[in-house]
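Both complexes below contain subunit A, partnered by subunit B and then by subunit C.
So, the complex of A and B:
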């Protein structure tokens, strides 16, 4: 009897020991300044929101960690006629709720992304219709030929038609509805992670999608992702230093050394696809904030050149940016088609030449103007402005700095109320410079408040999208680049550098669009 | 009593409408939300359309009238940033703030009052001097420095307490509480310490000053002459009479903490109302800002009313004639 009793106890102990799973769950805890604004994949075209969508939803064509195009829900794509792109869809894929993925979902998602309340209309621009040829073939018909279409739709995420209809979210939320829609806090994609819990601003928990088709290509080992945003810089760093989080997307520049110096932590750096520059209103007859009356100093190329050569970009890089910037020759960052190192060369820093140019232009004693600057938008934006104000002062141009919050700064640019301003420009989703030229340097460009208007440049910008011959296109791009650089439409400053802070147990490639994807991550236990 | 109550309620409504009006007049200076609501490549036409549909192009008085009309039927609109109804968001964040503030208030009263009484009675003792010197630090150190300092000591250096967040919370109906889990309680320690440090010193110094004042008055001397014990004099007579101003100040402080414990909530990523408000300002989330300021006015008015009610309890003379109530104490 006694023996039986003990063996029973032994069996119980063994059962407990072996019931513990051989491997504990791998949990990745991470943080960033702000939360996604919504989980609706078509509602907000903004960094943190798209980053969140990328974990759960997938486009037809994705990008790998070197930003090259990569098959996602489409396995291949080709032009069937100049105006039609045909996509072959991946078979055997299911949404997180189990519904199979078919061409109808693609047709539906493109309609949704093109609807009035969508923020992804620029990504569906030029698309006339999306047609299902069969269950796993889709034709995208265009207004006019567009070789960049696959690039353009890398952020158009595919939702389940059935799910959207069942939950009454056939269109993204319209502010006029005055109520929350189901897709704001719920998600149902095909991607590598599934939503488990969503508390906006507090925590979002995603779990591994074991059914994901891409596990063999991207063999991540993350079982669970816990995201908790922390808005305060110092607290964010403290959470990383104390080991409460494994990954921090946006450590403040001044704390990178400290993170690197802490055992068990590391930082990664890469140039970001965002360029910081100064714009000057060269089209207006008389500047609003200058002591020069009756004419506009910025209209004179010599003055613009003098301003350019007054900027000591290396000093800004070292002193203001702590080495975390790459001096820029134009507003197109590396990694965007059209950019080359040669085209990114700057005019030399030469205050003496700048002074001579000013005198030559008829301003030997300089002039005064106000510089409008945001103070909560870009890395060290206000300090960059303070630095350039000093540099302009050295050549006699008296610049009065007005540094304000971005919500007040951007309307000034939009309404064309600024003489001189700082702005940063990211890479378009196509990763091609054409769109940057169109928005920033075309005479009717929506983000061109400088009044710069050059018919030759306009013609080239308009010719680029319809030029299908790659060599001819590149030649046109080169010509255009030279024109706007020679005309000194903008005073380029630098490309921003991204840095991520993380536990050294974490292995994840850093990407220039600053959107980490945890399907590439491996976390050692 | 009843007319007094009704009068106060009418006043409260007027205060809330006035606050809303001032708020709307100020929103013009906060900037344009549209740029935060759309992507970089969104066209000018689409931006204009959105601005028009939100009524941002309308004159301020019209926007204000629309807000009041909607608020009157309980509709505070939808947050630009979180895309959810504003009243729901505020209700969701309220438990976090109330737990933080009420616990901090209890801690500050429980520590501040005894220390204040002690330093008043034993004015010249070494311990009193030490307490008063230490309290200077409490008043003069800004909240965010205290918060960050505590985080670095307890979270980074010793690794014993969490640096941010509320820990695990339990839902009791619509109320979410962090008081029922170990991680929730641990998460409370640093924020509560940060918030109460200033309050403790404030109450301590107030109690001490009032107590000293009372101890000098004639009736205390008379009580001593009658040969009453020190204990009876200090606690039965002096202490009770110091309480009226202390309650007034403590009450108003609680109101301002409930409405604007922004700094502590930001430093600790505490998901309360103050944090919601500061993020709304950052984003120019007008529906939240408007509803929030009106709610803050409501909190102040309510707490003031409660404080006035407490006077009745403490000072029986007031009950005889309600009209002599101090209308607005300090």
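So, the complex of A and C:
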């Protein structure tokens, strides 16, 4: 009798166990060396952070996988007068918490993105006001005509006003102060995926938004995205090789051959719109980390030129980047408006000349300085730094390397606390160099901790937005680059080539801004 | 050595003859494995100790490095050069020279850590064995508590605290002291326990009572009379401890919280080389790993022999 009772229970258990998984989920597991710095969509304008936001939040105007502008939360846009752009909003869209999306959310989000603690202020620059004409029409009024405005706002994400007010996150997180807010661990956008779990630096889980308006345009089949940052290179590759992950954003360059040669895996490659360079504080009276006291060696153009000519960029390309880089002469990658091939030429590598320049500048025995370097942001960033440290050592400049996580590195630059640093710069939202100038070379640029201040350059930069004729504009940019290059404000290194590693069951287009969007993905089971 | 402890001051011409006759020397020479281990240890110690003079290259002088030499294969392979016998690493540093310098740091750290742990452990052990009372209870319970936690975790904890307290900029310069402290503090309980139990035995012996009767103070008795007689098991522990400390340092460095890549130890070299395992540049990680294994094995064999020879009770 007992036996029968138990077997009945057993049958029930078996039925439950085998019945449930009939509807298999399509889970995409991916990894990269570093995590998004925050989930607050207006707090940090940094590649991996924006990439994470792009899965959950949407701008008014987006980009497709060929980087062309594409309607997102706005269905159409037009100039109603030279200073006013009018955006027609998409109707029937709801945020992940169910609140309907209206013009009030757009007005709120632009205000939020323009506030002090936002890192997207450059993207809202020149906007005088954002006005709701009716529930689904918004006017953006500008100081002066700007034909590139729709490009400029492709990274300005729209948040729910009601949600932000209810959760006390009307202001963006102040990242420099490492502020804790509700919005850095929670998200409520309109995008293709919803946040399920956020454990910073451990894992982030997103699930499909079945209510997303764009499913017919981008018919992805992903039900669930699991992201886990893995900082160790070999571990990251091992995870891909063993099938533990389906997509690896940043496979180590030395392992691409191995990934390509493994059955079931593939790599994609494209020239990235990002330039890696070194910055030197040439404005401060005395460097913080140097043995030279009372004066700043970097203030001397000859020293900056010596540092430039000490860099053997071909050796870096071959040995550090395994051929996957394009030596750069300035900080505008090809494909970005403002790139002039003629200006992309480098000063020749010449350590003897570099030594002579140093001696001429009064540093025959060199000097010492610290180089701040991220170790989980760009392709082989720490190894690039190690390589240049050796090259500077060869001309007698004793460089002490401090390679740290990007979340500690970037605040040093923003707070202007660094003498010498490595940074990468792209123009992923606007695809135009105007912001590059404004942020990196204008004396008040937010990402210009070099203290470089040239009134002539400042005036030219400020005049750029007024110039609407594209050819004239590019000529002006070339002129600007000449000034910046002659002053050797930065030591350009190379334009990155990006490569993604993935399972060959995964189909996703590679994009030159290195921001994968999983709404384009299809994963075969 | 038996009986010699009572007249520690006597040393002279007959010392060498007595040493050769000694059963320690006899047992050493009659164990070929031990002789091999001693030779290997000696070679590694000399090669690394004199690394600044013996190494074929100066791997940490950037002026002598060329990035174009990076990833050179070992000399016996196609494309290798006799200039770099064991090949070069990702920065173009000669592997052989880098390993010699790296092992030097590993050994210095290991030695210093054991010295620290030993001094602390033996001091506390003799004191608590001799004094007894609440002092003994406190010290021994502390040791018990620490022994329940794996040594490497204690070292990680101390390392982590020190990293938090020290300014970031000085990490590279101070790291070696932090690691010595971390490993030294993680292995004092072993020494304290062994010394205490030996002290408990010794203090009941007649020579201690005699010394006490002559009015010598307790400090002098502990240092001059008891300490020399408890050093045997300590010596054994210290030898095995050296191998363990070298491993502990390598573990910390392998985890990325030990020696920085600018002054690498063997563990750092293995960690850095690990990045290139999948791309086929195996020599960058394999050779430092082999040296580490060989060194630790040799020191361990010496320690085993010493234990057998000196302290049959511990067998």
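Following the convention adopted for this analysis, the second predicted complex is superposed on the first by the 299 of 525 C-alpha atoms of A that agree within 3 Å, B and C clash if a C-alpha of one lies under 4 Å from a C-alpha of the other, contacts with A are read in each partner's own complex, and residues count from 1 in each chain.
In this text, contacts are C-beta pairs under 8 Å (C-beta built on N, C-alpha and C of every residue); 3 or more make two chains touch, one makes a residue touch a chain.
Every value quoted in this text rests on a predicted model; they were computed, and no experiment measured them.
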I'd like to know which partner A:37 touches here: subunit B for first, subunit C for second, both or neither. first
Taking the superposition on A as described, I'd like to know which of subunit B and subunit C A:301 touches: first, second, both or neither. neither
Once the shared chain is lined up, is A:201 touching subunit B (first), subunit C (second), both, or neither of them? first
Examine A:320 and indicate which partner it touches, taking first as subunit B and second as subunit C; both and neither are also allowed. second
Under the stated touch criterion, name the partner, subunit B or subunit C, that contacts more residues in subunit A. B
Taking the superposition as given, does A:289 touch the first partner, subunit B, the second, subunit C, both, or neither? second
Contacts for A:439 in the overlay, against subunit B (first) and subunit C (second): which applies, first, second, both or neither? first
So in the superposed three-chain picture, is A:347 touching just subunit B, just subunit C, both, or none of them (first/second/both/neither)? neither
Between subunit B (first) and subunit C (second), which does A:241 come into contact with in this model arrangement: first, second, both, or neither? both
Does any part of subunit A touch subunit B in one structure and subunit C in the other, and if so which residues? 232, 234, 238, 241
Touch list for subunit B against partner subunit A, complex: 29-33, 35-44, 46-47, 50, 53-54, 75, 77-78, 80-85, 88, 148, 151-152, 155-156, 159, 162-166, 266-269, 271, 275-276, 279, 282-284
List the residues on subunit A that touch subunit C in their complex, please. 232-234, 237-238, 241, 252, 254-255, 257-258, 289, 312, 315-316, 318-320, 370, 383, 386-387, 389-394, 396, 400-402, 404
Can you name the residues of subunit A that touch subunit B in the complex? 37-38, 43-46, 119-122, 173-181, 184, 199-203, 228-232, 234-235, 238-239, 241-244, 376, 405-408, 410-411, 414, 425-426, 428-429, 435, 439, 446
Touching residues of subunit C toward subunit A in the complex: what are they? 61-63, 65-68, 70-71, 90-92, 168-169, 172, 261-262, 274-281
